[in-house]
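Have a look at these structures, which come just after this line.
Two complexes follow with subunit A in common, the first pairing it with subunit B and the second with subunit C.
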Partner chain A sequence: MTATLPPAAPVPTARWLLEPQVGLCACAPSGRRRKGTYVTRTIDAAAGVVRAALFAEDAAAQPGLLQRLDARVKLVTLLGLLVAVSLVQQIPVLVVAYAATLVLAVLSKLPLGAFVRRVWLAIPLFTGIVVLPATLNLITKGHVVVPLGSWFGHRVGMTAPGLTGAARIVLRVATSVSVAVLLTTTTRWTRLLAALRALLVPRMFVLVLGVAYRYLFHLLGSVTDMYEARRARTVGAEDGRSGRAFVAASAGALFGKSHQLAEEVHQAMVARGYVGDARTLSAFRLRALDVAWIAVAVVAAGALVGLDRGL
Partner chain B sequence: MHIPDGYLSPATCAGLGAGMVPAWWAAGRRVRRVVTSRSVPLLALGSAFCFVVMMFNVPVPNGTTAHAAGGVLVAILLGPWAAVIAVSTALLIQALFFGDGGVLAYGANCFNLALVMPMVGYGTYRLAAGRSALTSRRRAVAAGVGGYVGINAGALCVAIELGLQPTLFHDAQGAPLYAPFHLSQTIPAVLGAHLLVAGVVELALTVGVLGYLQRANQPVLRLNPAHARLRHRPAAVDAEPEPASGQGARGGAAGPVRPGRGGGTGWRWALIGLAVMVLLTPLGLLAPGTAFGESSPRQLDLAAYHLDAVPHGLQRYAGFWHGALFDGYGFAGARHPTVAYLVSALVGTLVIGGVVLGLSALVGPRQRRRHGDAAGHPDDAADVDLRAAAGRVQDSGHPGGAPDVDLRAAADRVENSAHDAPAEAPDRDAAAAVPA
Partner chain C sequence: MPSEPLLEVHDLHYAYLGRFPALAGVSLTVEAGEKLALLGANGCGKSTLLKVLDGLLFPDAGTYRAFGAEITETGLEDEQRNRGFRSRIGFIFQNSDAQVFSPTVREEVAFGPLTMGLDAAEVEARVHDTLAMLNIAPLAERAPYQLSGGEKKRVAIASVLAMNPEVLLFDEPTAALDPRTQGWLIELIVELNAAGKTIVLATHDLDTLPLLADRAVVFGEDHRLAATGPPDELLADHDLLLITNLALRRR
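Right, the complex of A and B next:
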């Protein structure tokens, strides 16, 4: 294309077009690598929330075991299992409990790879890094089983109680997060709200929760719009000061928007007969599967704690 | 700052969750009394806002970004009790719908982020802002200071909760059952990060948002009942003669009147904060060891510091003062250490408070005289009111917004300004219920 053009007087290219810009692209030959500016990170975070919500909606629509259960039953039994897991102290029992969550995920037709990734990338991996120093004899006293050398004349190494404690907390966190993810991904949020109502959470609180969840995505859309627009009109790198000013202004504008939306929602509610009291449709029915599941959950929780004490 | 499940023992979770129940109950009552039927959408959007603000990445020097928590910001915008509910709701959405933050640890997270952080931060903000005008720079900076103090108070609670776990819950071999780090490690680690980075980010965001709203959207700032009162400042000052306290007489007619009711709430918050800290002092008993031979040079573990002998200066000055009333914060014979700590804390606080009061009695009158000469007070207030009015006009004429809502809100405001206590005006909702 350029070859066919008649030779013209060379037009000097603007300097700023030739300069490698840190903010534009991570691949620019600038010698510094960034993971993205605050703009892209905020957009990514907003997209991440929507992605998680969509993943949960898809998973909740699958014809699996946990999806078929009554939301009240599921909420109470999984909370009970969480308590049981938090009481367990023996590592083999925790391994069994974690394996059980994987079985439940398979029975609920969740994509196993995505499930494991979501659980482990969220917290347990981070927990493992955080508790690593606690395995040293500087923090947890005990018999050194993995000597790591000496530091200022002291022997430093990983102790047996330290390693046990670290393995225990990582496994417990992984199992707890798995149970929570099982609950959130196999239940539609409307059913979860109704289940909360059935658990004697005050009606007003459930109503606030429902409206908040509904308009959360609206506000996320506003944030994405603002930050996309910012990205579209930003050329080159931005200094921190103007970036912070923009973040503060966008948060302030977002609050203005959410207040205006609250006024509109209130008027819409009043127009539909809202007088300050909430009513919910409750069409819960216990079926044989629910009763069987309650029995399984009680036995499982008892077995976990009993096995733990017995070992 | 969210604590996931598995870090805290079930007993800790249950205790903190039970502690949150009265807070939620009180918050529900307060909020319903102040905003009645409007409360549901306002709180819902407030908590959605809170959720979203927690995702904002704030650029910090060195090219990285950090998150803000926003609890204090919501407390300043909606009032502290509304913030308790809004932040709790945001945390519940994170825990239940997105599996972020613990389900069992929900009560603990609420205690740190939805109760301690907004309350301490808001108290600091009210103390620092005093009765300054709604649009003053001081108010924005006070909000930032509140954010900084609030997030650090929350972080301190997190550190204490995590640090107590290995002391209270471990197996026979001493292996920790839950979080493994001790208080002496969690407090520096968690608090250091928050004092240096997260607190500064919180400060920057809170100052920025308040500054933006002061410039661009003042009506929204008046959502907080405490801010709505500020509008009446000139009238309120006239209407509050306060003959009983004698402060009005001292302030004079022309000079700035010393804080009356607002100052009273500030004192109350300060006293509550001090009382909480006094009650927490026995936590120091849990810390193992002493700080570099604090109580006696002989207790110094010389080998740990690669020393051959106790340093000469330390030896010489160690026994310099023997007249301590509570030696080592304890009674003679080291009986009842917890009670001794509480008594020491109380006595120390009273002594320091007395010294500060004495100094301020010496310095105060001179400063007040100097400020009284400036006498910019009435003009100042009028200026603020004009600016507020301009802000309101600008807002209702905003092309992007839904005009009828703004007009209605403006009408509400005009109506409210006829009342002395706008927050409790009963016909506010009646006006909103009439179809447009």
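Right, the complex of A and C next:
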């Protein structure tokens, strides 16, 4: 059986601790400066994520069009619009659909620049890499409109059908991501969870999402604390390599720490009666605006698909 | 049974991960309306016992009875049981960081009453009153994880008080608070107790002990109880305080 720790300091305090440290305290500036290293940048990045999440909460509090809708209505109609967008083939129709998401963003008082950037930053990563090769005549046959040179004696270039296909995919993804961003930035996280619960998403799933969100903040807080603690104990300039070694080592510690915290957060929720139902202060109500919105969404989805078939 | 104690644990054993013992044969009763303090050195098992009392950890061996029924993990899976138990007993964690998880202070305080199933108007009223009572109304729209340590503690306390439980478990309530807020919290605990609430708290603060408790139990380093009695008596027993690491040995 382990006993508790012995009373503090039965061992005499080390002599060096009781004497002032000589020579290291060159507190005057030396004129040499260094840009922040990896480690410093990590702290800033952590702070950035918190800021982005707060931006979402701010946007959700604006008195815009989408913010005023019932969360369940919003979730279902936007999902419906996503399906409609995925059925559309014609590029002009997709352009119209994308433009419509921009209009919705403006009506919901979202900063348009940030909204567009958020969507288009995500696209090259996920889509560009997949789509680019498909524009080449090696994969999609057709008339080469953008010749790129020759490769093992074959003429290589982008074909007209390849480019059209790529534009279709990119536009469709952009529109879908925009719709998703519209939903998540105009809805408080707790209301979204409550809406998921109301729509019969399994309790356990909603519970995990709820804890994960709270947990994200703590994790970022821990990262910031750990790096700051390290920075406070780093004498002199930090070099990149030891910074990276620290990152590797601290990831493990962080995992242990955050696991324990997640456990406590969950206990705290259970202690106050949480069994997986997210409830919110304001009750769900279906109002005139919601009904009007449902009508608009149904007509819009029908028009998109109809227009697409008609063209 | 008219004279059954409110809470009763018998021969509790608990080890974290089956390897790190935290409780090794603890028996204790809590009577309705009393103020009971748990004393002991760091790591002796106070927080663990409180978590067992709150139905968050379940003993490896031994029994726990609360409000006349045995509390078990499977028993608490019953929704009605769970709701009844959770609304009668509240727990203010040692680490208030863990305890605040909602996007705003207002929602944090509303969380418990909402899970209890109170209607919206009642929840609004309770949130309003608790925020005012704990003097945190100006923080209502802030995110709880952006507050200072002491402010977080108040939010944590508010979030539990809003449920109006009849038993309150405090894990080191006065840690992280400035002296004035400490004084205020001590008064609040005394007042709540006078209003009929049962209080169980873990503390290291021997100075305020006589105010905060009618009775105290002292944990030994072996994760068992070493003594029980009125605070004055325990505090006068210098040998006991020495062997339980609660008093300073002169060097």
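We adopt the following convention: the second predicted complex is superposed on the first by the 216 of 311 C-alpha atoms of A that agree within 3 Å, B and C clash if a C-alpha of one lies under 4 Å from a C-alpha of the other, contacts with A are read in each partner's own complex, and residues count from 1 in each chain.
The criterion applied here is as follows: a residue touches a chain if its C-beta (ideal position, glycine included) is under 8 Å from a C-beta of that chain, and two chains touch if they have at least 3 such contacts.
This one's a predicted model, so the numbers in the text were calculated from it and none came from an experiment.
By the touch criterion defined above, A:G142 lies against subunit B but remains apart from subunit C after alignment on the C-alpha atoms of chain A. When the two complexes are overlaid on their common chain A, residue A:W189 makes contact with subunit B and with subunit C alike.
Counted by residues of subunit A touched, the larger count belongs to B, out of subunit B and subunit C. When both complexes are overlaid on chain A, the residue A:L261 reaches subunit B and subunit C alike. Look at A:V181: by the touch rule set out above, it reaches subunit B but stays clear of subunit C. When the shared chain is aligned, subunit B comes close enough to touch A:G162, but subunit C does not. Within the superposed three-chain model, A:R272 lies in touch with subunit C and out of touch with subunit B [touch as defined at top]. In the superposition on chain A, subunit A positions 189, 210-211, 214, 218, 261, 264-265, 267, 269-271, 274-275 are in contact with subunit B in one complex as well as with subunit C in the other.
Listing the residues of subunit A that touch subunit C in their complex gives 1-5, 7, 54, 57, 188-190, 210-211, 214, 217-218, 221, 261, 264-265, 267-275, 277, 279-283.
Residue ranges on subunit A touching subunit B, taken from their complex, read 22, 32, 34, 37-38, 41-42, 45-46, 49, 52-53, 56, 79, 82-83, 85-87, 89, 118, 122-123, 127, 131, 134, 139-142, 152-153, 160-162, 164-166, 168-169, 172-173, 175-177, 180-181, 183-185, 189, 192, 202, 204-205, 207-216, 218-220, 223, 238, 240, 243-245, 247-256, 258-267, 269-271, 274-276, 278. Of all residues in subunit C, only 20-21, 24, 40-44, 51, 54-56, 79, 82-83, 86-87, 90-91, 93, 95, 97-99, 101-103, 106-107, 110-112, 114-116, 120, 123-124, 127, 143, 145, 159-160, 163, 221-223, 245, 249 touch subunit A in the complex they form. Those residues of subunit B lying in contact with subunit A across their complex are 4-7, 9-10, 13, 24, 28, 32, 36-49, 51-53, 55-61, 63, 65, 70, 73, 77, 85, 89-90, 92-93, 95-100, 102-104, 166, 170-171, 173-182, 185, 204-205, 207-209, 211-213, 216-217, 220, 223, 306, 401-402, 405-406, 408-409, 432-433, 435-436.
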